[in-house]
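Below is one structure, written out as structure tokens; comments come after it.
We just call them A, B, C and D in the order they show up, numbering each chain from 1.
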Amino acid sequence: MAPVKKGILERLNAGEVVIGDGGFVFALEKRGYVKAGPWTPEASVTHPEAVQQLHREFLRAGSNVMQTFTFYASDDKLENRGNDLHLTGQQINEAACDLAREVANEGDALVAGGVSQTPSYLSCKSESEVKAIFKKQMDVFIKKNVDFLIAEYFEHVEEAEWAVQVLKTSEKPVAASLCIGPEGDLNGVSPGDCAVRLVKAGAQIVGINCHFDPLTCVKTVKLMKEGVEHAGLKAHYMVQPLAFHTPDCNCQGFIDLPEFPFALEPRVLTRWDMHKYAREAYNAGIRFIGGCCGFEAYHIRAIAEELAPERGIIPAASEKHGTWGSGLEMHTKPWVRARSHRDYWEKIQPASGRPSCPSVSSPEGWGVTKGHADLIQQKEATSQQEIRQLLEKQKKAKASA
Amino acid sequence: MAPVKKGILERLNAGEVVIGDGGFVFALEKRGYVKAGPWTPEASVTHPEAVQQLHREFLRAGSNVMQTFTFYASDDKLENRGNDLHLTGQQINEAACDLAREVANEGDALVAGGVSQTPSYLSCKSESEVKAIFKKQMDVFIKKNVDFLIAEYFEHVEEAEWAVQVLKTSEKPVAASLCIGPEGDLNGVSPGDCAVRLVKAGAQIVGINCHFDPLTCVKTVKLMKEGVEHAGLKAHYMVQPLAFHTPDCNCQGFIDLPEFPFALEPRVLTRWDMHKYAREAYNAGIRFIGGCCGFEAYHIRAIAEELAPERGIIPAASEKHGTWGSGLEMHTKPWVRARSHRDYWEKIQPASGRPSCPSVSSPEGWGVTKGHADLIQQKEATSQQEIRQLLEKQKKAKASA
Amino acid sequence: MAPVKKGILERLNAGEVVIGDGGFVFALEKRGYVKAGPWTPEASVTHPEAVQQLHREFLRAGSNVMQTFTFYASDDKLENRGNDLHLTGQQINEAACDLAREVANEGDALVAGGVSQTPSYLSCKSESEVKAIFKKQMDVFIKKNVDFLIAEYFEHVEEAEWAVQVLKTSEKPVAASLCIGPEGDLNGVSPGDCAVRLVKAGAQIVGINCHFDPLTCVKTVKLMKEGVEHAGLKAHYMVQPLAFHTPDCNCQGFIDLPEFPFALEPRVLTRWDMHKYAREAYNAGIRFIGGCCGFEAYHIRAIAEELAPERGIIPAASEKHGTWGSGLEMHTKPWVRARSHRDYWEKIQPASGRPSCPSVSSPEGWGVTKGHADLIQQKEATSQQEIRQLLEKQKKAKASA
Amino acid sequence: MAPVKKGILERLNAGEVVIGDGGFVFALEKRGYVKAGPWTPEASVTHPEAVQQLHREFLRAGSNVMQTFTFYASDDKLENRGNDLHLTGQQINEAACDLAREVANEGDALVAGGVSQTPSYLSCKSESEVKAIFKKQMDVFIKKNVDFLIAEYFEHVEEAEWAVQVLKTSEKPVAASLCIGPEGDLNGVSPGDCAVRLVKAGAQIVGINCHFDPLTCVKTVKLMKEGVEHAGLKAHYMVQPLAFHTPDCNCQGFIDLPEFPFALEPRVLTRWDMHKYAREAYNAGIRFIGGCCGFEAYHIRAIAEELAPERGIIPAASEKHGTWGSGLEMHTKPWVRARSHRDYWEKIQPASGRPSCPSVSSPEGWGVTKGHADLIQQKEATSQQEIRQLLEKQKKAKASA
């Protein structure tokens, strides 16, 4: 079945909409298979049925891309993050490829192998050391014959360029995605300039993932597109944002919100917010449209339903979802039946049920980037004394914010 | 393994805390396997792997009870709700029992078979007709040898009494749980009086599930307990609330909130809210503590973690969760490491990121109950004309609210 | 002019609506003539033009009652509150009577002399000592020949009864107004019982002022009315609430909100909120309708405009106010002209412009009442050490709230 | 007394802080003397005691400038706004000068005569016609010998330049103040460019008043200062913002908020917000610091109290205000005494008591400016049909916002 599928570039070149999947670490953290803090994907080996089930939900919701669950699965990271199962990056990456492929084969989806920013870069290791990390992960993806590669979740465009340069050697299509906002990367390189550098490094698809809410990410990809076009270059565009509202974020994105990562619930987007996002992304000329942390299957389904007219297909999971709430025509209570139409849900302004909470937060104002002593990554858990020192720094960061 | 497990009453009589599971219809709706509106559980037959995975997540999070995924699986409901797969209630109930048993056998959990309120009752059918519905479902539970029975999600205590009377004939332990608030059932029978009637009908465990947030449900169970004790009776108590904040609900519970069922996201409780709930329930003398709609595995885990000192055990999934956020000691960003302690999370007032939304909503003020013409259940989907009539009624309900 | 005016009881007996004025201490604090904390009315002597101007604004807005600015002007209070001008209560009370009378004579208003709760009562002095305080104030009111008397702002019905018993000896009409909510006075006496006791003590008009928002106060007066009617008695009813929204108050009212008294701005009612209040009060059978802390002239005008159809008159200040915003027909900007109608203002849900603030607060939970050691009043300013002790008590109050 | 006072430029040249007053139209609208919509100042003639009292409150609060109450008192405006008393601009302007002078003589304050934007300009009349309007008003100010002149509340810098050019012919000091935000005037001229043009036209003091909240206005004046300095010019700076929080405004300022002008209450700044504003303005190098719509005397007093250390004086009204709430040391309730310190009030996040309201609003998106047909000013009140047309346009403005 796989051999006859159209590749990612064929689809995008043909103007098709490619729907991505959602973030695995947040979804599996809630299900009990990923630990917040390390955020590493050893569940690909230890609990394959849970990982596979999540792939299936996204496939059923309309995803055309199964990203291998290999986030942070580089050896430097695994070691750095207290991987006490003694699994190697290779073991995890191989298992993740098999899981993604098996589910991809159940439908019209491609497998994408992914690499992300490394502790080695943030610890100021050399270009060749950092590239060696990416190479090692890529070798598994080649061995397992994924359909294309994604370098994603980079805060510094320089590291993303290095990743793209490595992945290009595979001769597979390469997508590159930064986790930055409209203000640019952590060194202040603008989205337009970042995009130009990534395209020049060899990425055929560029865009944004994680750290900001959908409309902010679409806005940033627009700036990337303007930069690329202004430079006389060509590319496809992708966006895979958070499923959390983040109007109050600074350049660090949701990591610097006080609610990160354990109190983000009130910010979760509804399926109707996702309709707006999908339309906005489509109108901006973005054709690879997916999600990141916070996305669940029903969010992806909403994208697929919004773009059903353009795509001519509806996802399998829509058998369990009337468009714009029409399933409510069969609800027990008559007044809930009266909500079975688009106008109701399109206009709803949902209440939080939390009147003693504010509606926006003040980020603490951390703006550190690679090279800052504060950011040199520790293998060890932070000690009580270190926490106290951090709290002092924090007070200063807030005061100067 | 199953034969040596202690039964539900043995556990409660010994003063143990029994942790329930979360609501399946909402969780599986988001995953793409249940249709909002009908809310029926045919996925037990059509997508057993998805149902089983959800059972496993709750087991891993600490649940001691696997409720069979048989909500609304009575023939009258299935027919009423457009079951176009032509599955019988018996088929669904049998499959659901097998799934629950298989996962229960993987750990220290019991299987509970459940029946809920019926369209037959709401359509004013006779006592014997309604009881026949319950009997039919119970026969499957007996055949499959579940460990105990739950009559849950009743808005009218009368119907719950009938259910208990039927279930008692099985000689299995019987729990009974209403979906009412402190103001009582839809006919205005107080929680205390409801509880007395259920105990007299034969329930050994009584309590509340669904429709209201955790602290409201605990409050209502307290009123039930006072009623039972005042009547000189004895019972065990259970509570399985929503995972949504509902300070603005009237007697209809969250069904009458404008956000029901597709825009409840901002109301979802954090894990830290669940710690407060678990403690509050425990302090109120409730020993069967679980969840309903909106609960995911991490919510159940939070209950198990809060009550770990009393129970002497932590759930399997805590291997992926440092107590009170301690896993963040291994996060990349130093300022997130500084959040790895109880004080931070216990005090957080999470923002919604939705400054143009209100913090509470105005329910529409529907107060109808069994017997109202408005509530006679339709098999057919509501027509556009009927919707228009409903919107008119709604306007009046609002005006008089 | 004054001799021919109808008295307060003639008006109420004839079914007329009598419009009260607004609170002077809050308005004059903002204007710079009253000190928050002591809240004493020496401005009646030191800045008569400022007091007189405020009377005029209320008269112009439609007030039929000029309350003498004599709040807390008993000698025990003045001494207690650091009156360093060495003005006697008698001097202040006499000056205040003259100011009120002069403005009352400019229109259709009566002069009401007022007494309020005393530090002597809260310090557990004897009934005769407390009554002597009231007598001394009343003697001035008799000498200055005010039109009627009001005993207002009492947290304990017992003290209010004593005040009424004294004021009755004057043979002038007596109104009695407590600053309590629906839960009753600080000793838990219900509003109905309070009202019965006040009527039996001789008050012809009973009701509520201060401490709670308009709809809460109307609700409390309704309870008083039920009590009086149930006891087979007769009375007239008055209500003079805060102009602040207080949905989050406990029995102590707004005094226990964290925003009291210097950050209440976001709670101020709009003129449109006042229309609802006036209608609600009228529908409840209340005919003496005014305001207390937070009310400004435009709030009183809104009451007069709402009840213009019933009263057949509009206030002088309405020459500067088109009903329901119709004056905006002459605004510069066309889109503001589009707001010149009732529907727009009746439905507006005004934003706070403060997204990082909560929408409701948690009162601290002080519930102390007369007799509590914590409430024995000090003449001296609180010392730093005493403040520290208070903060400790506060923590406990919060914890048990 | 007046002859020996230092002039405005002497004060500013000496580095002194000059405190302005607050806005008269909003304050007097609430008191019943100004009609919202027309917003004209005929009360200077009809109710001099009310205008004088407001001047006195500001003087007492620390104002060094008494602005004549002559807002919109040009003949074209008076005629345009339905002045049915047949008062001429000259009568009003003369009366206003006398009132301001009388109060200024009671303390250390100067009298400033003010002109504002004209309907003539917005109706596209010629430069000479518009200048004739300003000349006519100025002639009164010269006759009455005011201390300096202010051209304020201009949305288009061109009209402000014309005003300055006229006022300069008087040889009195001239201040010029626009009602624009950081995005510039309604034609998009940047704040920096606006300021340069005003200084070149002859203004010795330039700045911002009205339309935006204090911190936004300070930010805009900073941009003006940068522009002036970058152009190698010199000026003094002034700021007189709203006393309303407006984080949600677009270029039209608060006029385009749905709450304007009758539901702005929840946005009113506390006195503690004013402390922050005064400090921020001072730190930005602004030395003429006052207020506009929404300011009351206690807001001005807060500015004077914050800058007391720099100025070496406290205002008269501080006799009735303990710094940072210290007057609460004498409050009746002990827990209110515990709030008598800076830390409490500096950190308070006041609740709105309005949980069903949003925290920010969506302006409608009107962006029209001089020359737009929509803005041609009408003498006549808007008709019902015109209102309907406006509502249609509004819908479109919203849709494109």
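Methods note: contacts are C-beta pairs under 8 Å (C-beta built on N, C-alpha and C of every residue); 3 or more make two chains touch, one makes a residue touch a chain.
According to UniProt, the chain labels map to these proteins: A, B, C, D = Hcy-binding domain-containing protein.
Here the structure is a predicted model, which means the values were calculated and not measured.
With contact taken as defined at the outset, chain A and chain D are each touched by B, C. When every chain is reduced to the mean of its CA atoms, the largest separation from chain C belongs to A.
For the pair chain B and chain D, the distance between mean C-alpha positions equals 58 Å.
Chain geometry summary: the mean Cα position of chain B and that of chain C are 48 Å apart. One inter-chain figure worth recording: chain C and chain D are separated by 33 Å, centre to centre, where each centre is the mean of the chain's CA atoms.
Residue positions 248, 349, 351, 355-361 of chain A each touch two or more of the other chains. Chain C contributes residues 248, 355-362 to its touches with chain A in the complex. Chain contact summary for the complex, chain B toward chain A: residues 29-39, 49-50, 53, 56-57, 60-61, 81-82, 119, 122, 213, 244-248, 252, 255-272, 296-298, 301, 316-317, 319-322, 325, 327-338, 340-341, 345, 348-361, 364, 366, 374-375, 377, 381-382, 386-387, 390-391, 393-394, 397.
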